[in-house]
């Protein structure tokens, strides 16, 4: 194991962490403020990926595709919120879980109807296909650096939004004193829809950027959804700061686990067994991480207290 | 009978910058009705919560019936005979009035790992439940679901539940909250005969109730006891009156 | 009185339909319906077991599929070794597995109960969404674990080359298998009915309505919830053992959280907090799947909104709708 390999994997972990942060930020805000468990968050990620892929392939321009993907996810998200999810705010978690499970099923099928059951593939845009020697001696894909940059930028924008703008203040207030904010004349319903829309756009952005790296297929949303929930549980529900820390933690643990556990297992087993044991251990590793965090801090690492970022 | 059934020693609890309990100290003798009064925000409900075990104090001790229960979980304190009722009604909404009391009795009896016999037909639960309901005047509502009971009846049921367990000590958090005049009087007549049998810590706003029932009164201001005395002594005290100035007790 | 006979009517009609189904299917010339119905009954057992903790106890466990899978794998693994003539690893002696139902099925129940004990003991220390997530996490851990074990098929799963033997019955006979499954379901339902009305059942129902008050009354709530969780897990394990026989295949997919989600859907569709409801839910979901998929492969696009509709508007599920408003308890 060399320093170069270690640094490479660190960057990979950061990149995965940043993607998870985009997903987790929206989910944790929705859960923390509206107390809604939204299983369909992964579907918005999927919408982002599919729309970006289609628009990019039609227009030949990745940037346009990403914008379209984000917009589509945002619009779809807000539509679903208005039509169905709004009624769930007052319901218990079980109802929310089941109703949003129904949304997943619907979206998955609609996607199959519109785009067909085959997976889609999107190639990395030209201007991001090169490598950068950010680590001397080890060229690293520019696209992944791009994702890290975008993620950190989004983090800064969110922080500014929550701390310095009126909307952010309302978001923080809404988390703690829903009735008060309503009594002050702020339209709480519209606030919630906007918050939901922001979360949806972030999920769409994550999906858009994931396109060139993964197979775009039905079910991609569920895979990242579980990881996202693990992130917000670890980070603490309702805390955007927690979402960032949790996401980076999970990204790094998952990446290092997949890269190094098989190698470590070779010290104990023969190569073939070591690889499969290592692989299964690494997939379990984030769940073990979550369990450990919950034992130490049953409510996650950070508290929301209505204050985020 | 001279040793106190409940001793509260220097209880301290802060929520952020707010000290809800600040070196709270008092004690309740066996069979005594001890009222805890104070202006809004004095920390009465926080005090009750620490005594019942639902809130963990930052420091201090609670001794019940000779045992240190400071860090004991709520259910163990209840098993020892320290029962609590709630200011905001806390019942089993889908159960009938009789079911609710039966649950209280079942807790005391143990034997809840029974899987076969139908609990609703268990006479060892139902008969005492009926009796407890009769005691508070609810026996005609035995088979009515809690959600269909009037607010006053629900408060009566709260009381019936804790009484049915045969407690050593009761923590009553505003038992008559939201009740009308006649209902409150009826409640008082249920509580009065408990004097001498059951120690009661009674959090109350209504001064008429306090003067009618209490043997001893402790005045709580800003998380600490301002004074403890008989109702007359408390009424006459100038500091107490100042603490209440502008505040309807 | 009206509502009482309506409920009895529903039960009686249901029982009659279940009892005569294979005969009717044969007469109609569609014997495969019996096989479909067996599948419904198997999932009904899993759904009823989930309802104990979900409907009666308000414990939203996303890991129930794991116990279903464990039960199935016990049967699968024991059959695998018996068929291969190889020894079951990690056990003393050289036990070559077995295809006898009398050994397999109780073992399936015990092993899934054991897993439920471990997972429940850890998960029940949390509440709310944390509980949901941690049960989901454990289910996923088991799923990934089985996927990575090449000995038992890994991702591709394991074929069950021989159905369990339970003389004098022939489990390959669709009708006999159906009636056996029906008998198991009825016995299980009967047991559940007694459980939920017993002292234990009252405790579980009390925990759902007001856990704070339960603790305040003196109940050590944790141990009762754990007991319910284990019982539910054992029920799912039994269903899994039957499923392994029915499909003659076990795979890690049985443990995936989406499988738990499906079982949950059955419970909510049928009627949360009732013993019979989940049976209707299983029937509805699987029947919809069968029927709608004849018309379009995109039948999910109908099921999704239907599920949302039921959650939002049809509280009490289909069973609740059938038996109408009721006074008093279950």
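Think of it as A, B and C in the order they're written, each chain with its own count starting at 1.
Here is the rule we use: a contact is a pair of C-beta atoms (placed from the backbone, for glycine too) under 8 Å apart; a residue touches a chain by one contact, two chains touch by 3 or more.
Model, not experiment: these values are computed from the prediction.
> Would you identify the chain whose Cα-based centre sits farthest away from the centre of subunit C?
The chain lying farthest from subunit C is B.
> Would you identify the chain whose C-alpha centroid lies closest to the centroid of all protein C-alpha atoms displayed?
Here the chain at the core of the arrangement is C.
> If you average the CA atoms of subunit A and of subunit B, how far apart do the two points sit, in angstrom?
Spacing between the chain centres: roughly 48 Å.
> Between subunit A and subunit C, what is the separation of their C-alpha centroids in Å?
32
> Averaging over Cα atoms per chain, report the distance between subunit B and subunit C in Å.
43
> Inside the complex, what are the residues of subunit A that reach subunit C?
So the residues of subunit A in touch with subunit C come to 31, 37, 84, 87-88, 93-95, 97-99, 101-110, 112-113, 222, 226, 229-230, 233, 237, 276-277, 279-280, 283-284, 287-288, 290-291, 294, 298-299.
> What does subunit C use to touch subunit A in their complex?
54, 58, 60, 122, 125-126, 128-130, 132-134, 136-138, 140-141, 144-145, 147-150, 154, 257-258, 261, 264-265, 268, 272, 298-301, 303-308, 311-312
> Report the residues of subunit B in contact with subunit C in the complex, numbered from low to high.
52, 54, 73-76, 78-79, 83-84, 86, 90-96, 99, 102-104, 106-108, 111-120, 122, 125, 143, 145, 161, 165
> Quick check on the complex: what are the subunit C residues that touch subunit B?
194-195, 197-203, 205-206, 209-210, 212-221, 224, 227, 328-329
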